[in-house]
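Some structures to go through are shown next.
In what comes next, subunit A is part of two complexes: it sits with subunit B in the first one and with subunit C in the second one.
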Partner chain A sequence: MTNILDDYALISPLRHINNWLKLAIVFFGLLAGVSSTSPITPLFIALCMSLATVALGRAPLKFYLKLLLAPAGFAFTGVIIIAFFSGSGQELMSFELAGYPLVIRADGLELALLVLSRSLGGMCCLYFLALTTPMIELFAVLKASRLPESLIELSMLIYRYIFVFLDMALSIKYAQTVRLGYSNFKRSINSLGMLASTLFIRSWEQGDKLFLSMNSRCYDGKMTLFEVHRPVKSTELLLTSVYFLLTLALFYFTKNISIV
Partner chain B sequence: MIILETRSLKYTYPDGTAAVQDLNIEIKKGKKVAFVGQNGSGKSTLFLLLNGTLKPAEGEVLFHGVPFKYDSKSLREIRKSIGIVFQNSDDQIFAPTVYQDVAFGPANLGYSKERVDACVHQALEQVGLYRLKDKPPHHLSGGQKKRVAIAGIMAMEPEVIILDEPLSNLDPVGADEIIDLLNEFNQLGSTIIISTHDVDLAYRWSDYVYIMSNSKLIGQGTPAEVFKEQELLKKAGLRQPTTLEIYHEIERRGLARGKNSPKTVPELVSTLKPLDLMWVDVPPGVREGDNLNLGVMYGVYATQSPYEAINATVLHIHSGGRAIVELKRKGIKAGGVLLYDTDKYSLDEVRQIIKEGEIVFVGAMGKKSKTLAEQDGIRLDVTSGVIDKSILMALCGKRCLILTAGGMIDHALKRTREYVDKSGIEFTVGVVNREGGCKWLEEMDTNPETFKV
Partner chain C sequence: MHIMEGFLPTPWWQVWFAVSIPVILYGIYKMNKLVNEKREILPLLAVAGAFVFVLSSLKLPSMVTGSCSHPTGTGVAAIIFGPAISAVLGTIVLLYQALFLAHGGLTTLGANVFSMGIVGPVVAYLVYKAGMKANINFFVVVFLATALGDWATYVTTSVELALAFPAGDVLTFAGFMSSLGKFAGIFALTQVPLAIVEGAVSALLFKYVVNVKSDILVEMKVIEDKVVKKLRGTSA
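Showing the complex of A and B:
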């Protein structure tokens, strides 16, 4: 079995919460985070979203941190560069590296912290969505957002067959590996090419078989999507409003604060 | 009544090789039919012809005596009535969730949302997968995928269900569950057609068998007729079913009654004719060939039931009043097979039945009953091949309870009664929690004449 984000979302207890509520929370978080002028609000959002994902959504903490590490690493390197190369005003720290002076200024640090907190907040919001809402729940959302029917049907079929072909690709790769198909670079390239071409042909054939099997169940060119009705519970609504109000209050009161 | 029929059917692939040649079959309503043949003998192509996916080059297919028409409206009707389950479940299950996939067929039939929901609910309950309805298919096991595929067809309520190699790639328990399901659907009135190269399955399960080889039909008949013909099997590249092979070997050695074709292990057992000899002391005046009543025996002397009334035929008289007799046993406190309908389930009742009925062997058929038993901690002695094993236990004087539901009850009842009728060995059979209930066979009171053994 492959280990992907979608699998965690499928077993998450938050899966059964109304999709629109979750989307609203995420978009609110993104907007509030990006428009905030102090790093405190985005950090608060990051904290809340992480708590929701790990405590309420039962995502394993270790896995969650590992997941966060990858983009956080990128953000961090970017932030260091911003801290050193931008801003004016009070000099906080300076040293020389191989004859070249490096200075951190108050403004630069402020900006760096803001960028870091915003990106963290945004990532946590998106991970909240990714780890609590499996793809199969999003099809209803896609449908409601008036995307063309055929696009949604295609995406449903693609979603299903990603896993079929993933399994196929893995077993072909395994079969190649046990016969030393990846023992050196040249062979690896060769094997990978064979894998890709086989997959292409198989997917072509699969399409034929799919059409056959759909036809034998009276396919008339339309797939109906059955939505599950999920009313928003009062506790969920209450919790969300408290979160929204707290964030807005924080947003308002930290408007002009500088922490450096 | 003939439900599906072909007349000199012929189909040729675009490259010119014939896939099906001159095929005449008549399938009767409510039967379990198996097409047996090697890989590539034309079974799958025939199935695609039978539900109108492929159009024959020559000949015709008739449903209820009316030839297929190949316009889209008629095809829709045909495909609603004749469902096909493909060999590879991944070819068939394409929707992102189990529910959506099963709902695909009914939705295409233009049912209202409520009716679709009812159909899906019923179909998924029948295959025992309702609690997995929101799962994506790639989280299911092979057996579960097969059951989803079957539910997808069942939800359209077809009259005929065609399954291409239904048991390939399944583990024994999974395969057994599929067979139980098929039997249940058949009991509820569906005609079931399968293709297989598993001769044991075709022999044991089906009512009628067609043997195919090299795109032609080379033999047909009841399983007992077809699998007797060694030449035919050789020509088709098949072998004899295992039970039949064992039976022939035993019969040839004079240890079984001849001219039978046992399909299951209990049937095989009932054909055995062991010589049951014993030394006894006889009163003077008894001659060879006389019949003696040895009375009721129990313990080590009763081999088939707890108590047995035994008659003996004297074969040889030895000096000193000793004789060799052949024993004929009749079980007194016989075993039995009780069925319990889990649609009307109550744990206390089951516990009471097990306790008061001195039941020593409990089995469950069908996913639902198995799950129930698991939940409530009822120890199951057997979960696959339940009917056969229960009959074997009943023959040894044990009392068995089978937990099952729906159409599987009548199937199990029929099978067990048939066995009792055929073998002449009597034991209790019945459904406990149905009207009238079920009583154990009365224990006989005979006055044993005592003989010294």
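Showing the complex of A and C:
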């Protein structure tokens, strides 16, 4: 709960690279990964993005590996269901569990591996964005993208207050824990309810104060941002195009390959 | 329950974006109208969004140890602000969860917004309105609304997964149903108790707020003054 990926993005050396270039890399990876028909392309994307995040973006390797395991619970349940219950081809293996027959078929396993690799590729792209681009940089991009003004305004304010409330929630939780507030199940529910309500009331008061302070500083529904102009360097462009071409080539040549 | 990045194949992630975007636009329209009427509402919405995010990043105590469990928090937002604005708040919160906490993803954002930002809050709001009309105890209604909202979210997620991965490869009704049963059945292990815990925590939240600062709820037209008086009379 204390590890917000944004903290790492703020100290990453890749922070100073042009935002549009990074977004292009990420969305290219996401789209190529999700539309690939063999597990090889997403795995290649995952490898490249992880290298970029850890080697160029200086994300701690141990922390990065732990992050990759975070959504594993959801991934494995989903993938196991797909492996066991989809497909109609040749049987690879079958066994009985408590009188209930379970069969893995070749095309089911193939699909499960494809989905797993796509998820891995997508997660790596997402982590690349999250660990190298702080949200404040993305606001400038959002402003340029002509989304509704109020939506951007709202997301900026929410971003600001997330940190205020996380701090508050953490200190309340520590205080409750040292007073044995989480020592058994019933107490934990009660403590959590108290925490949530205190947070709610405090955030409400904070909202009133925020309105007052913003009004007294002539808030008219628009916050202007300072956007740093960052030209794309030729080496970055070269590296990106090589990566794009390699991925596309791999995408084309492996589209009919099956590994099972 | 977030669907992770890359899990939904090509036609389906676009479909869920197409379903979610009109609802979000309607929510933005509603929000703009509200903000133009009452300017002080925007900071309030902002802190409410941050509150939902922080609430959803807290770990719930769970009876099954080892399972990762987070409340969705959107049920509370739906009760206070109504479903249209909750959809907008939910979208922003889900985007931040994908970027900061690695819950969910960008291509699956549409599907996650549909299940957690639209269906869950709508169900919670309907249950809440119906319960208040039927004159049931306020805390019981809050409990039911959040728990049922959570279950609706989890059933929707299962439907999304079953549509994308039906049994027998081709999308048929029988294949969809069989696959839906499996996804729903396995996720039920963690989601059913989780929703009950979240309902209990939300009911406690409102109990403390009614006791300490009930004027907020009256001002937002969540409950009426006489209901507060009655609740305080019984719980004091």
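Keep this in mind: the second predicted complex is superposed on the first by the 209 of 260 C-alpha atoms of A that agree within 3 Å, B and C clash if a C-alpha of one lies under 4 Å from a C-alpha of the other, contacts with A are read in each partner's own complex, and residues count from 1 in each chain.
Keep in mind that, in the parts below, a contact is a pair of C-beta atoms (placed from the backbone, for glycine too) under 8 Å apart; a residue touches a chain by one contact, two chains touch by 3 or more.
Keep in mind the model is a prediction, meaning the values are calculated, not measured.
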{"item": "Partner chain in contact with A:L10 - subunit B first, subunit C second, else both or neither", "value": "first"}
{"item": "Partner chain(s) touched by A:M223 [first = subunit B, second = subunit C, both, neither]", "value": "first"}
{"item": "Which of subunit B and subunit C A:F185 touches, first, second, both or neither", "value": "second"}
{"item": "Partner chain(s) touched by A:L157 [first = subunit B, second = subunit C, both, neither]", "value": "both"}
{"item": "Comparing the two partners subunit B and subunit C, which touches a greater set of residues in subunit A", "value": "C"}
{"item": "Which superposed partner A:D107 touches (first subunit B, second subunit C, both, neither)", "value": "second"}
{"item": "First, second, both or neither for A:M135, with subunit B first and subunit C second", "value": "both"}
{"item": "Subunit B versus subunit C as contact partner of A:L210, first or second or both or neither", "value": "both"}
{"item": "Common interface residues of subunit A - those touching subunit B in one complex and subunit C in the other", "value": "6, 135, 157, 159-161, 164, 206, 210, 214-215"}
{"item": "Residues of subunit B that touch subunit A when the two form their complex", "value": "48, 51, 53, 76, 79-80, 83-84, 86, 88, 90-97, 99-100, 103-105, 107-109, 113, 116, 134-139, 152-153, 156"}
{"item": "Subunit B-facing residues of subunit A, complex", "value": "6-7, 10, 134-136, 139, 156-157, 159-161, 163-164, 167, 206, 209-210, 212-220, 222-226, 228"}
{"item": "Subunit C-facing residues of subunit A, complex", "value": "1, 4-6, 26, 30-31, 33-35, 42, 67, 70-71, 73-75, 77-78, 81-82, 85-88, 107, 111, 115, 118-123, 125-127, 129-130, 135, 148, 150-151, 153-155, 157-162, 164-166, 169, 173, 182, 185, 188-190, 192-201, 203-204, 206-208, 210-211, 214-215, 221"}
{"item": "Residues of subunit C touching subunit A in the complex", "value": "1-10, 13, 28, 31-32, 35, 39-40, 42-51, 53-55, 57-61, 63, 67-68, 76, 88-89, 92-93, 95-96, 98-103, 105-107, 161, 165-169, 178-179, 182-183, 186-187, 197, 200-209, 212-213, 216"}
